[in-house]
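In this document, chain identifiers A, B, C, D, E and F correspond to the written order of the chains, with residue numbering beginning at 1 in each.
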Amino acid sequence: MPDRILVINPNSTEAVTRGIDVAMEPLRMAGGPAIECVTLADGPPGIENQGHVEQVVPLIGTMVRKRDNDCSAFVIACYSDPGLHAARELTTKPVLGIAECGILTALTLGQRFGVISILRKSIPRHLRYVGQMGLNDRMAGDRAIGLGVVELADEARTFSRMAEVAAELRDEDGADVLVMGCAGMARYRDRLQRHVGLPVVEPSQAAVSMAIGRSRLNWS
Amino acid sequence: MPDRILVINPNSTEAVTRGIDVAMEPLRMAGGPAIECVTLADGPPGIENQGHVEQVVPLIGTMVRKRDNDCSAFVIACYSDPGLHAARELTTKPVLGIAECGILTALTLGQRFGVISILRKSIPRHLRYVGQMGLNDRMAGDRAIGLGVVELADEARTFSRMAEVAAELRDEDGADVLVMGCAGMARYRDRLQRHVGLPVVEPSQAAVSMAIGRSRLNWS
Amino acid sequence: MPDRILVINPNSTEAVTRGIDVAMEPLRMAGGPAIECVTLADGPPGIENQGHVEQVVPLIGTMVRKRDNDCSAFVIACYSDPGLHAARELTTKPVLGIAECGILTALTLGQRFGVISILRKSIPRHLRYVGQMGLNDRMAGDRAIGLGVVELADEARTFSRMAEVAAELRDEDGADVLVMGCAGMARYRDRLQRHVGLPVVEPSQAAVSMAIGRSRLNWS
Amino acid sequence: MPDRILVINPNSTEAVTRGIDVAMEPLRMAGGPAIECVTLADGPPGIENQGHVEQVVPLIGTMVRKRDNDCSAFVIACYSDPGLHAARELTTKPVLGIAECGILTALTLGQRFGVISILRKSIPRHLRYVGQMGLNDRMAGDRAIGLGVVELADEARTFSRMAEVAAELRDEDGADVLVMGCAGMARYRDRLQRHVGLPVVEPSQAAVSMAIGRSRLNWS
Amino acid sequence: MPDRILVINPNSTEAVTRGIDVAMEPLRMAGGPAIECVTLADGPPGIENQGHVEQVVPLIGTMVRKRDNDCSAFVIACYSDPGLHAARELTTKPVLGIAECGILTALTLGQRFGVISILRKSIPRHLRYVGQMGLNDRMAGDRAIGLGVVELADEARTFSRMAEVAAELRDEDGADVLVMGCAGMARYRDRLQRHVGLPVVEPSQAAVSMAIGRSRLNWS
Amino acid sequence: MPDRILVINPNSTEAVTRGIDVAMEPLRMAGGPAIECVTLADGPPGIENQGHVEQVVPLIGTMVRKRDNDCSAFVIACYSDPGLHAARELTTKPVLGIAECGILTALTLGQRFGVISILRKSIPRHLRYVGQMGLNDRMAGDRAIGLGVVELADEARTFSRMAEVAAELRDEDGADVLVMGCAGMARYRDRLQRHVGLPVVEPSQAAVSMAIGRSRLNWS
């Protein structure tokens, strides 16, 4: 039985995959599952609307089928959890989404979570998903920094906007824990947490953490 | 400006499309929008799992783009509302889903709606959607007849199971209005309503009813 | 069988009824139901508190009984939906309320609706109704323009306040669709939608749209 | 300042008023408010549908206005709380409804309340009200004994049906506290509580209990 | 059978107990239950975090057992309702919490309640409790004045902060009724209600009001 | 920095601790955190009511403080999550509860979870907690096997009752994933999952899985 978690970045931006890969480092343990991060070269540069979400679903399906024999768990590393329920029909291995696991982990760190999104148009999509998860009563708010996935590489501008939005979620919406609403924000987690004074969940780390246990326990 | 509602049956079963087309008859009015029903020949025979849902999304997108110039509104005639939010990004015309409109219409006919589904495995998918709509508190239950889309053509067996499930939704779950959870059930509506003594919503009719107004008002 | 929708304005302000009547124009089709708008001469000039709501209930009941033979559907054109459930006990024809249908229609146009009310004291009444509908999780907010029903005739002042409140609902409360919280606001819909950049639902139009289908399908 | 609670039975059945009056006995204290129970002679014999509810609203309003000077609080003793919010607009004195107070009191006696209703057709009306109160998550169920208000005088038949329904609410719906869904059931409370082994709330007693404090504290 | 309500202040600050005792005055009636207020000398000066809550639970249990024979009802007079459900297991007499009863009473005075808390860190604890009560949909907000229990004795500073917070709850969060989130705020109720123009619930008064009825009716 | 998860069984039944310890085996990795299971010798034999819950809170606090220097995370291994929020105030290390994590993990395995409880009297306590978590809409039901913690050692009787209850949760309540509602049920997980045909979450495994990631990431 393989012991390998495949983290699928469904956008085609290698810098995002590299950022996730770096974020995985603390979760790599001797005797634990390998953690491999892959990019979907045929995906869009960023997943920024519902069309992008739908576009990558078959690509994720293809990847899951192709790697099903040598992986023990899959993580879909996009905050829209594209194709999550479809992928679960394709394999008996655990498949986890980073939005799902990021939010669930946040529930253990605070009573009301705030989400830092990339674009304003992402928010209704996120709200639909929080409703689907039955978690409206635990959400404080969802606010956008107004930068697309590719623009997240501009560190100064990105951090400055994240800090502003984090403070609004804390002070105006009453969040006591924050979730990063994009896999491309991983590098900013530690700094943002210190800055805002609230726990900040990096959702790819949250999902792979849960995948390690699921992989070891062989639950699906 | 065109005045035509395109009703898209995303499965490839022509009998389902014909059933919908017959159900549209009362909604065709002189001076009102034309109502045209099309089959997605490349869709699966029935949409019975999440994979089927995802499979038809790009097909629906292609159809919406192709017919955008000669239609004033679109209806996606599958109770999973596949690709609904993606299609809304492709056109400025109204796009309505039959699950959405079937349930919303049911809310005007009773306090707790029950859903008659085709297969047990459809139920978690439906529950996710009701959660996304924020309507958990109005749902009485969702029960399956245990027949696939193609099997719905067997009238005696289908009606018999629908009657049983309708009675359970009424008597055990407390539903006071029912929604048919598949576009392929249209032909049974009148008979089932008389049999069970509760209002029964045929969701393609509910969606096209709302599309007529939206088409006339040019709201999107 | 008659094919006529009776739209009942339960306040006595004829200007409101005329405004509704104009708003109905796009929904009148050669082969579709007649749409007749009537004023309850014995109602108050505007329905602005719970006492006004209760006062018009028997008047609506009288009207429904009187016109039951020559109408195929009824619409109660006041955003408090006075006497809706009582009227449904008096006739086998469909009876729809504009608050109910305005909100349900808004659910197909955005994820969180905001309501533009006339007076601050209307808001708790609206909140009770949204709770009764089970739709708290879809509401972004409800804000008042601070003008009574009769004052809505002052166009400059009314539009200016509606634009302010609409912007607050969009920017502070996160609404992505708006519902006009009074039948007397119909004339401002098109202009407000362009101004605020969000879909705006005029609830009498929403209700009559749904009534057309219900009238044709003979569902009740 | 008067110190008198007026308990208004909005139906015309004197036996119901007498039953309430007897139930008030433990709540009459030297130095405490007088508790006077009145019958609305022009009300229907029982309030069994929405039309009956609406019919008594103006009668209640008339009574509240008439007695406003010599009463310190009002209780509307019908489980549909007819005219509750309208009456609150007519007086600065507290006005409480027995459904409201019966349910709120039940929340201090168990985690999920069950309601024993008179007629099946009352249930959707009750559900609308529980939704309006925002209490769906605390309700276990609502079941009807199938007897009208006047039939409640038949003791053997009534108690037998109440015991059956109470057991179903406890065993099938998971209720751990029960609320009597009609002011005419007061005489059966003690016996039913012993029989079913769960706390049973008699809602007129619950409302007058709360009214005593409100009357003393002069809160409104 | 004794007729005495024991109001337990679980913190050791006598000034808080005296404030509660004064607030009880209107609820003392010649023929009604005695109302006795006691201080838990071994409690902390104020209950300001979860550790304080847990610390007083066994002390409350000891008090309930000790006084069970000469009391007919117990009220736990701390807005965290420490040990409420544990105390209910120790006695057949009614045990009520002031948070519970304060909130339930507020539901009869407005549609959305706001809570005035002492410290920001209390808010997540309060939110957990409102969730446990199933009342998220009725809460407008919870805001802190930033003063500990002992600091509430500073009248000018306390009232000034309460007035600010009350206005924010009314104007920014939409509260139409307020609940004082600490037993030590009792003396400010009348003045605050006049100042803010909304009903203000003092929760110890609310709880003892309900306890009077429960004591008389012998419900538990 | 230590890399050790302390799993605290707050009851005094060593057999339960041993069962948990065995269940941890798959989660022990060469380079991962040590997982140590301890028994609270001063706890009750089983935690079966709210009094037991409160009784162990200070014992857990003492243990957390004592082991804070040599542990990187704590897990409270009782399905009532006793003292969870109090313990979080005592340490900067992560503290997780098995009810919390068991339920959150179940949300990734199905849409509606069912809980298998030990005793009927546990159910209202569980429901309060699910409400506090804001997860009512995801719960299918909670049913008791009617055996206390110590009786769980009787394998034949326990498994037989678990199988019955699991089938009721699946067939009558519509659960598509189950959570074991006691740390003492660990040994039955694999067998029960095969028997009932739904995923079964053993909550101590779920919590330690999440603690591994949290320990590695140093989030708190």
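Assume contacts are C-beta pairs under 8 Å (C-beta built on N, C-alpha and C of every residue); 3 or more make two chains touch, one makes a residue touch a chain.
Here the structure is a predicted model, which means the values were calculated and not measured.
Fewest steps needed to get from subunit C to subunit F, stepping only to touching chains, is 2.
Set against one another, B-C and E-F show the most C-beta pairs in contact at B-C.
Mean C-alpha position of subunit C lies 33 Å from that of subunit D. Per-chain Cα centroids separate subunit A from subunit D by 51 Å.
Separation between the centroids of subunit D and subunit E, computed from CA atoms only, is 26 Å. Between subunit D and subunit F, the centres computed from C-alpha atoms are 42 Å apart. For subunit E, residues touching at least two other chains, in rising order: 128, 131, 133-134, 136-137. Shown here, the protein chains touch in an arrangement that is not a line, ring, star or fully connected set.
Contact between chains, as defined at the top, is found for A-B, A-C, A-E, A-F, B-C, B-D, B-F, C-D, C-E, D-E, D-F, E-F. Contacts from subunit D toward subunit C in the complex involve residues 49-51, 53-55, 57-58, 61, 83, 85-86, 88-90, 125, 128-129, 131-134, 136. Across the complex, subunit B meets subunit C through its residues 26-27, 29-32, 94, 96, 100-101, 104-105, 107-109, 133-138, 199, 201, 205-206, 208-210, 212-214, 216-220. Subunit C contributes residues 123-124, 127-128, 131, 136, 141 to its touches with subunit E in the complex.
Residues of subunit F touching subunit B in their complex: 110-112, 137, 174, 176.
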